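What follows is a single structure, written as structure tokens, with notes after it.
Every chain is named by a letter (A, B, C and D) in the order it is written, and numbering of its residues begins at 1.
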Amino acid sequence: MTGHLTPHVHGSPSGPAQRLARLTGIVPPMVTPLSDRDALDVPGLERLIEHILGGGVHGLFILGTTGEGPSLSHRLRRELIERTCAQVNGRVPVLVGVTDTCFSESLALARYAAVHDADAVVLTPPYYFPAGQPELSEYYLKIAGQMPLPLVPYNMPGCTKINIELDTLRQLLDHPNVVAYKDSSGQMAYLHKVIRLIEDYPGKTVLVGPEEMLAEATLLGGHGGVSGGANLFPRLYVDLYNAAVAGDLDLVRRLHEQVMRVSCSLYGVGKYGSSIIKGIKCALSCLGVCEDRLAEPFHRFRSHERDIICERVAALNEQMAGVRV
Amino acid sequence: MTGHLTPHVHGSPSGPAQRLARLTGIVPPMVTPLSDRDALDVPGLERLIEHILGGGVHGLFILGTTGEGPSLSHRLRRELIERTCAQVNGRVPVLVGVTDTCFSESLALARYAAVHDADAVVLTPPYYFPAGQPELSEYYLKIAGQMPLPLVPYNMPGCTKINIELDTLRQLLDHPNVVAYKDSSGQMAYLHKVIRLIEDYPGKTVLVGPEEMLAEATLLGGHGGVSGGANLFPRLYVDLYNAAVAGDLDLVRRLHEQVMRVSCSLYGVGKYGSSIIKGIKCALSCLGVCEDRLAEPFHRFRSHERDIICERVAALNEQMAGVRV
Amino acid sequence: MTGHLTPHVHGSPSGPAQRLARLTGIVPPMVTPLSDRDALDVPGLERLIEHILGGGVHGLFILGTTGEGPSLSHRLRRELIERTCAQVNGRVPVLVGVTDTCFSESLALARYAAVHDADAVVLTPPYYFPAGQPELSEYYLKIAGQMPLPLVPYNMPGCTKINIELDTLRQLLDHPNVVAYKDSSGQMAYLHKVIRLIEDYPGKTVLVGPEEMLAEATLLGGHGGVSGGANLFPRLYVDLYNAAVAGDLDLVRRLHEQVMRVSCSLYGVGKYGSSIIKGIKCALSCLGVCEDRLAEPFHRFRSHERDIICERVAALNEQMAGVRV
Amino acid sequence: MTGHLTPHVHGSPSGPAQRLARLTGIVPPMVTPLSDRDALDVPGLERLIEHILGGGVHGLFILGTTGEGPSLSHRLRRELIERTCAQVNGRVPVLVGVTDTCFSESLALARYAAVHDADAVVLTPPYYFPAGQPELSEYYLKIAGQMPLPLVPYNMPGCTKINIELDTLRQLLDHPNVVAYKDSSGQMAYLHKVIRLIEDYPGKTVLVGPEEMLAEATLLGGHGGVSGGANLFPRLYVDLYNAAVAGDLDLVRRLHEQVMRVSCSLYGVGKYGSSIIKGIKCALSCLGVCEDRLAEPFHRFRSHERDIICERVAALNEQMAGVRV
């Protein structure tokens, strides 16, 4: 633990909101290693968790977008929760994505996460029906009151078709069980407004999704990032976060440049929106960490793209040696 | 049974594609009566099924968009499948929405539907991750080959963020287990191209979603509709379909006018996209058929909107007496 | 003149709203023949006008979307207005697109059209800044009051980013100088609601843009179409319109099938949204009517696509002989 | 002149690309003061130019989005070019927006700007017809070759419906007459990729549109901003830019905070996308600089919103005193 996160005390009688006092730093959205359509790649999962934790990250977020949460069966999601919580074993807080189009299923998953000592749950808006903002606010407040763990609303309009507007967010932050916010809108002007808003809520934090925005978000008042690339190079993102908190602008620039190199070389090899997840999983497979199978509707890169990724991840690994502090 | 649908023979040794030879006519997308968040309004469900079947419909579609399928727990979806199939008991084909963001969950639901003697399954594209067209086509072909029942792909870009393009659709129609197509894009030029395309596949059919387009779709080569208003006034849509098939243009015009009256008076009372489902459920409650509770993220109309709906549904009932053949 | 349009009397002392009493039938959106970037193909223009009028159309619409109005210089737009009005010479009403992002430029173009005896002007919402509905309504009412000719608002959300909502449209229709409405949204449910709304305004009419929807729009209460394909085969669309007005369903079906053949064979050869205009201009060139040069940002088809179009337009011409009444 | 911009030498025999060697710093997008629909508020314009230049800005950009360029008549645009160039008189470079849906009109405006000694022209993609990327690239390359002044492509997908993709941008940057790029996409991950790309083109620069992103864009490799708020508080944005160039992180944070205060208090008073321009013009009117009339389809704030803006701009003025270096 780096001190950026207030650790929870297992078995503490305090309510959920006290368990995870302040969520900051790098909380990688872990990919889900699969060996078959409905089977975890268990050895790969174990290696991946250690690989990520070895980079000094401040938390671990499973079953998010990068984790292909909505594409996985509920059975597999529960197995992943159980295995991950057991292996992490309190070393860092574990956040569990409980995003679902059904209220009860999200709640059931959250309860399962609580039983296995996860630290918080993360939830996008329901993503089949586009809701109006008042409907969205009512939904979040209702489910926040029933969640057995602290809740992190998650803005992901590219997948959910709906943006959490600032007035709605203010209502969510007023709820004691909402402890942080994750924004993956990619809209920096919006994020800056969120940062300003959240200053009114001491102890509550905002994490940025796209890693290309981690440097500025942290330099200018944000509290950390949920950086997909931290599956591959966890130390890079931790270093960048620490440099930004310390105000070491030169180092921030060098590390941000490296983050952009990762993004530009690994995330644009395929043609579709799936290129990021495919790129990360493929690169992990090149590194020997875990398998690169994806959940439907996606599939792993074919050998041509795989060759490109393996070559580039090797080159990145070399460069990284020179950049690190 | 009107003869528009070839009935399936229970216990027949034929494979799935033979059980439902040609899907045509009015197949209402049944709303799901709820008495609590995760509880069916069972008496309401029984009344609703009889109310709809009493109108002479050609099939029944459960767990679609109007049925709030993605908002319901898997437990409740299974209970609804079992109860509906048992009560319909072969009087008309039952189509089951198995839309899910997880391949395995869709398949599990389809198997449950097959065991309970449903006749076909209906499936939108996965709706969290936006897929490219080749990814989409691969997904559909893979799942079509494993489905224990005939498959009806369902185009619903307003909820799924993706349109099934014509080249993709052609590949799906080439698969023997794809027996029909449901289009809710609302794009009439697209639908006309689908109608032309499907002429190359004798025995395969296309049903239109929005009931405002039922008249022209049927007049100009389509095969029927999945009309939400048929929850309320099933006979109206059946009469319109029959008039269009018979080429009785005067009657089509009168009935289409009545369909537009339903649409304009009941579906626009609320402010958001949820207004249609809220309006139908509320009107059913005014008629004493079933409860009007909605699944999250929506809620039933408050008393002010309810008063408006009850008044309008009464007026529509009176008008309908004069329009019917 | 077919009688579907009340002719205006040149030199009549009546105000603008009286000159064009009721706009119905086929009003082709004429392409603009170009011989150079800023030069009309004058002989081509003359042939094209006669070609279209020879098909018995009920009006002529210049400088619309198909006419590439917004891509042409104001000087060229004025030359086109002058030449077209002079050559048509009252044989059918001429409608002039005055769409512009600047209020004064639209007004200036409308005045030029009035001076040259055009019959009405057609205007989309301003298309750079997305306006709110109240802003849009205020804009239209203000300009309607100053227009020297009857005004036809034109809904084209694919190009303008904004849909004219029903409440806004009602306010526009309340204005005495708004005489008709053109809808190119492609949303049939919306168009049916417009048709219902416009029944409250005797003498005012609605024309549909996409020709694939001409049959049903006319069968079910619409008043005609602005069909791009009528540049090529004007008689086909006139026949279809007349058959629909006469309620001859069999003929409507045969002609609609032919319209779909035109659409499917000529409008999808290129890869982008420009394919329709490119296809029409190219086909006109194959037929020897006019040049196929396009205004920037588009360019004519290269020789490979051109060969395909020429072959297909020849085949369509042959088929057409057999379908016509 | 601060040295950030290489001044052009009037009457120099060098070609256009040499006149404006490197565009960096704060280049405010000036609003266009209007006294009537088609009339400049000339005294207001003169005061506004001096107000902005008094803040030490590095250039002046007229007829952009904030300048309501597309909403103004061509006559008025030319008058504004002439008056602005005359008054600025070489003190800073003047950039002229020549965005239009017609190639020839853009070119004509650019020639007018060149004659009056403007320094560069700025051009979005044509914004009526959505073009494919190859069409867009061809359009830009063709017009770049004919422009009498250096060209700055301007990415504004919210108004043009099209994003300039990186591969397209690379082709534009290869053209010698393209000297800089303005990105108003609001997508920070995209902007970071642009910054990386433009490193391959020494002497070429990228300016960011939304002022909320000015701090990080400049800290992390960008070259300045086209900040709307610099109409009001030019010194604030210049100070922020200079602090970011100097790497003075503490000062950057304080000034960025002040920029966010401007944004949050002045740009969200109205309900629509027009709120930013309305807010800036209204605030300028409160400050006594110029009139607040807007071009259609917009209108100035009514008295209620005006009272709010005047109060807030006064408060901001007070705060600003304490924040400045």
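The working rule: contacts are C-beta pairs under 8 Å (C-beta built on N, C-alpha and C of every residue); 3 or more make two chains touch, one makes a residue touch a chain.
Small disclaimer: the values here were computed from a predicted structure and weren't measured.
S.K.: Trace the shortest sequence of touching chains from chain A to chain C and report its length in steps.
M.R.: Steps on the shortest route: 2.
S.K.: With centres defined by CA atoms only, which chain is the most remote from chain A?
M.R.: Of all the other chains, the one whose centre lies farthest from chain A is C.
S.K.: Go through A-D and A-B and name the pair with more C-beta contacts between its chains.
M.R.: Pair with the higher count of C-beta contacts: A-B.
S.K.: Quick one: chain B and chain D, Cα centre-to-centre, how many Å?
M.R.: Centre-to-centre distance between chain B and chain D: 51 Å.
S.K.: Using Cα averages as centroids, what's the distance between chain A and chain B in whole Å?
M.R.: Taking the average C-alpha coordinate of chain A and of chain B, the gap between them is 37 Å.
S.K.: Where does chain A touch two or more other chains at once, residue-wise?
M.R.: Within chain A, no residue contacts more than one other chain.
S.K.: Report the residues of chain B in contact with chain A in the complex, numbered from low to high.
M.R.: Answer in residue numbers: 37-38, 65, 68, 70-74, 76, 99, 101-105, 108, 125-132, 135-136, 138-139, 142-143, 158-161, 271-274, 295-299.
S.K.: Provide the residue numbers of chain B that touch chain C in the complex, in ascending order.
M.R.: 186-189, 192-193, 196, 210, 212-213, 215-216, 219-221, 247, 249-250, 253, 256, 260, 263-264
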